[in-house]
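Okay, got some structures for you below.
The two complexes that follow have chain A in common; it is paired with chain B in the first and with chain C in the second.
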Partner chain A sequence: MKKERNIRIVLIVVMALVLIQAGIQLFQHRHYQIPLVAGPGVTKVTNLSDYCEGLKGTQADTLVFFMEGKEPGGKLLIIANTHSNEPAALLTALIFLENAVVEKGTLIIIPQFNHSGSRHTRPGDGYPLYFEIPTSWGSKQFRMGNRDASPLDQWPDPDVYIHYPDRQLLSFLDIRNTNRTWPGRANGALMEKVTFAAMEIMRNEGVDLAVDIHGAETMFPVTNCIVAPEKSMRIATMTSLTLQAREGFDNHVEPSPKGFRGLSHREIGDYSETLPFLLEAPLPFLDQPTGPKTTALLLDGKDPFLLKLSQKKKLFVPYDENGWPMDNRVGQHCSAVLELLQQYSRKNPERAIQVLQVPRYAEVIEKGVGYYYHDPAQTEKKNVYFN
Partner chain B sequence: MYTQIGIIAAVMVLAYVAAKAAKASVEASMLAAAVAGGLAGAFVNTPPAAELARHLVEGAFTYLDVILVFSTATIFMAIVSESGGINYVVRGTIKSFYNLRLIALLLLMIIILIPGALTGAGSVSLLVVGAPVAMALSYLGIPARKVAAILFIVAGLSAAAPPVNIWAMILSAGTAIPYVGFELPLGIPVLVLGTFTVLFLGWKKEGTGDKESALEDMPKTPAGMNWWRVLLPFLVFFGMVAAYRLWPFSTPILGLPLQFVIAGLVAWLVSPTKINILTLSRNTIQRLLPLLATMIVVGMLQQIMTTTGIRGLISFAVISTPLILLFFSLAVIIPVSEGVLTYGGAAIIGIPLVWFLDSIGLHATVAIAGLSLLWPLGDGLPPTALIGRLSVMVSEYKGTYWTFLRSTWVPWVVITIVGILMVVFSAKLDFLVKWSM
Partner chain C sequence: MSMIIMIIYYIISAFILGMLIWNFIREKKSTNDMLLYLLVMIPLILRLLRVK
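Coming up: the complex of A and B.
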């Protein structure tokens, strides 16, 4: 009897210690602030809640950076971390934020679009909490987030999610997925407010182009591509062909399906004048048949199972022992955004957007992503934002 | 990598076996396997030792929502039962349909199908209507073992039935296929297979009882009980579910747990007998504890299997299987993945599988519908065996779990054959999708 009691006490103590250690780590992750360095091009910083009152004071509110050029022109909105477990998007947005100089037109950047999701983990999927990018001044640490918003910020889920306004039935989880809640509504669920606020930016600011940056599995047919609806198709196609010819990487065009609602590349185009584009780069970390989910896999994309499956022709992208390193993915996104701007500006000279100082694919691979990040400790405090 | 993951998997199996040998419960043995797997993985930094505790705790929360639904739905039904409502319904069914066996069986099947079809969870069907239906079936002269079998198969089919099929939704979301056009590819097989199941297992009357003696044997209903008192809590629950379907943009999202709590309070308020709600809730949760513990530990197992690479290796093995063998092996792979990972199986195996089937020219929507018929079968398999265990619980079957499971084998095989044929001939069945749109 006494022995059993002692065993119980030991088990309770062990469980308490496990809970405390895990609780501290999860708390720290949710409250970890990533320093964002506003580069020379940033002229104004606002909050997403300025475009939807209902976001004020919530974890869904996030920073919106404006980079207004010397000359008037068109406007581009870059949306990153719609899915916070696809980090090449954030890394690409930060390269623009810290380095871009806008000559003509305006660049608007939302680096952590699903801010709540970026402070959430993915139970059952064993993600690391953080990942680090090496720079010349040390490592820059980022939170690894989740695809969906945290239930701490938006809960409960309905038994089935009914998309606004089309009434299409979607998985209950998708009500926390900011790439299923477009075009959103001001009085809807929190993530519907997030997408509504972005729609308001596009409508009020007269945004010409919106680029939503993602990553996708190598076993997913819609990867390594630009997804575009009919109205954006011409520019997307020209961009894809030019990238292939000049920079040597594939970024084919996928049409946005009309019957699949809630996605940025469908709803932005249908509910505003803006031309939407969604960029996908391969992200082996998200594939199901991989080895352990480590930060190394996240950053270099090397996996022996995927290599075998590639040899059996079961992947939708070329894959060899070099994997799909983060530098390649970010470089691909940088080039795709710059090329979209170029193609749009060529067709619409009166709404041209000219951005300088942003590297292209080959340059990012050569120097590494971290080369383009500035040391927040060495930056004037007023230019460092925490998100 | 293969050896490393293989060794960790072996450690987990050994830990499970050792715990079972030491007479630990299934849940405690699974916990031992998860902890041992995590510790073995930590030797090679997958996961890093400093993160092992976090992985275990985070994994434990994987099915928190399901746990809340189970707890609140079971308390709701316990209140309805305690008020005498279940006895009242069963008595009414026996009185009206005892001699119209075909209608009685089909009616009871539809009653089980509705809650699961609306919520996508067979467990909700069992928790809400399982007990009264089980009692009605037993008074129709069906032995408890077969009653449990009927409940298990039909509740599983209810989860696969349209409009809400969570496996199909997970697969559609993961493969960028719109969740549309599933009504006929899912609805027709569910109704046909459900009818086959209730008739095959329930047509034969065993025992010598008649209507009068059944009514005599049944527990008496408390004075003052009437149809309104029974139906009102259910009307409130389904009213809330229906309100969101009808007016989704003006109805607040309450979530299933709160909807069950509200319905439970209504049942408590209209009960003709006085019910101590706190004692009842405490006893109900105590009864549910092994099931809830299973859900918590399965989440931990899933997280450890992912972070160590075991989950990826399983998924890799499935995708690498030659096509013909793959079709045959669906009969095992799909239910087993559900038994181990519940809905996680759809993501781990289902998503790459559907991409692969789509790439070889099969029709993804029909193939998903076919696979959706196989997944619920896994809810009868350990370690989780969610629907199976609930079926045994609500039917009050006292035999061993395996005896119950064996009695499901004919419908199980028929459903498996139909599901696999739907996958193999999905391209030829695409008219079902077109007719649904």
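Coming up: the complex of A and C.
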């Protein structure tokens, strides 16, 4: 009897230790705030919930930054961290947020679009909880997020997710995926409200272009590309050709499939006047046959298994022992966004958007991503936002 | 509506957790079973405490 009781106590203590140790780390991760420095171009900061009442007070609400130029012009919406485990998007958005000066038109930036997804991760898949970007003033720490929103904010998942309004049957998980819930609805699931609010921004503000930034596996064919529907195709093609000719990197164009619903590059175009584009840069961290999912793999993209697969021509992107570093991915995204703006402005001079002080591909690689981030401790408090 | 379903799922989780604790207390012989009850409790506790 006494032995039984002792065993029971030992088991409870072991479980409590595991629970407390893991629980504290997960709790701290969910509540860790990333300081975002609003640069000289920021003129207004609002919340996504200002465009959809149902987001107020939830973890799905997130910051929306407006950078209005001196002269009127077109409007560009940058959506980052639709998938929070593809962090080059956030890093690119922050380069724009901290450095861009808008001469003409307006830039609207949502750095953490799936805010709930950025506050949980996949410990079961060995994802790190955080990653750090070196800067001249120290390291800037970021939460490593997940592809889908946290079940703490939207639960349970249905057996099958029925997309609104097309009623296409999608995977149950995709009801928490903000790149499957477009165009959303005001009274739907939480992630449908998130995409609905973004649609409202585009419709109410008269946004001309929307760029949704992602990362994709090297073994997935839709990688290293610009995904565009028919109406955005001309600008996407000109951008791709110009980037290849002038900056020397491949960013081919993929057509947005008409029959696959819920994706930003499909629904934004179909349900608003905005021209949507989705940028994909290779992200070896997401590939399945890699070594451990470490922060080093996330940042430098070097993996011996992918290298072997590359030699067997199993990857959809060029891959060598240099991997696919974060600087290259962010640099690609910066150049692609700037080139999309340039091509659009050339075709629509009355709606031109002119953005200065944002580096292009070669400059980001030369100086590193961290070079463009400012020290929040040395920045005026009113310009530091926590997200 | 989705909020109501979410609350019901939390109630279901609490009920299942209660049953597991009850079975854990009643288990007298098998250490394996005791351990299994505790392991199954972990995700339920984390969810109810809104940690994971």
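General observations
In the analysis below, the second predicted complex is superposed on the first by the 378 of 387 C-alpha atoms of A that agree within 3 Å, B and C clash if a C-alpha of one lies under 4 Å from a C-alpha of the other, contacts with A are read in each partner's own complex, and residues count from 1 in each chain.
Heads up, the rule we're going with is that a contact is a pair of C-beta atoms (placed from the backbone, for glycine too) under 8 Å apart; a residue touches a chain by one contact, two chains touch by 3 or more.
On a predicted model such as this, the values are computed, not experimentally measured, just so you know.
In the superposed model, A:11 makes contact with chain C only, not with chain B.
Once chain A of one complex is fitted onto chain A of the other, the partner contacts of A:120 are limited to chain C, with no touch recorded for chain B.
Of the two partner chains placed by superposition, only chain B is touched by A:129; chain C is not. Contacts of A:294 after superposition on the shared chain: chain B is touched, whereas chain C is not.
When the shared chain is aligned, no partner comes close enough to touch A:362: not chain B, not chain C. Applying the stated contact rule after C-alpha superposition, one finds that A:189 touches each of chain B and chain C. Of the two partner chains placed by superposition, chain B and chain C are both touched by A:19. After superposition on the shared chain, chain A has more residues touched by B, the comparison being chain B against chain C.
In the superposition on chain A, the residues of chain A contacting both chain B and chain C are 18-19, 22-23, 26, 123, 151, 155-156, 189. For chain A in complex with chain C, the touching residues are 4, 7-8, 11-12, 15, 18-19, 22-23, 26-27, 30, 120, 123, 151-152, 154-156, 189-190.
By the touch criterion given at the top, residues 2, 5-6, 9, 24, 28-29, 31, 34-35, 38-39, 41-42, 45-47, 49-52 of chain C touch chain A in their complex.
Every residue of chain A that touches chain B in the complex is listed here, in rising order: 17-19, 21-23, 25-26, 121, 123-126, 128-129, 151, 155-160, 162, 164-165, 167-175, 177, 180, 185, 188-189, 219-222, 257, 259-261, 287-294, 304-305, 308-309, 312, 314, 316. Of all the residues in chain B, the ones that touch chain A in their complex are 1-2, 5, 41, 45-47, 51, 53-62, 64-65, 118-120, 163-164, 166, 169-170, 172-173, 175-180, 241, 244-245, 248-249, 253-258, 299, 302-304, 306-309, 311-313, 315-316, 318-320, 344, 347-349, 351-352, 355-356, 358-359.
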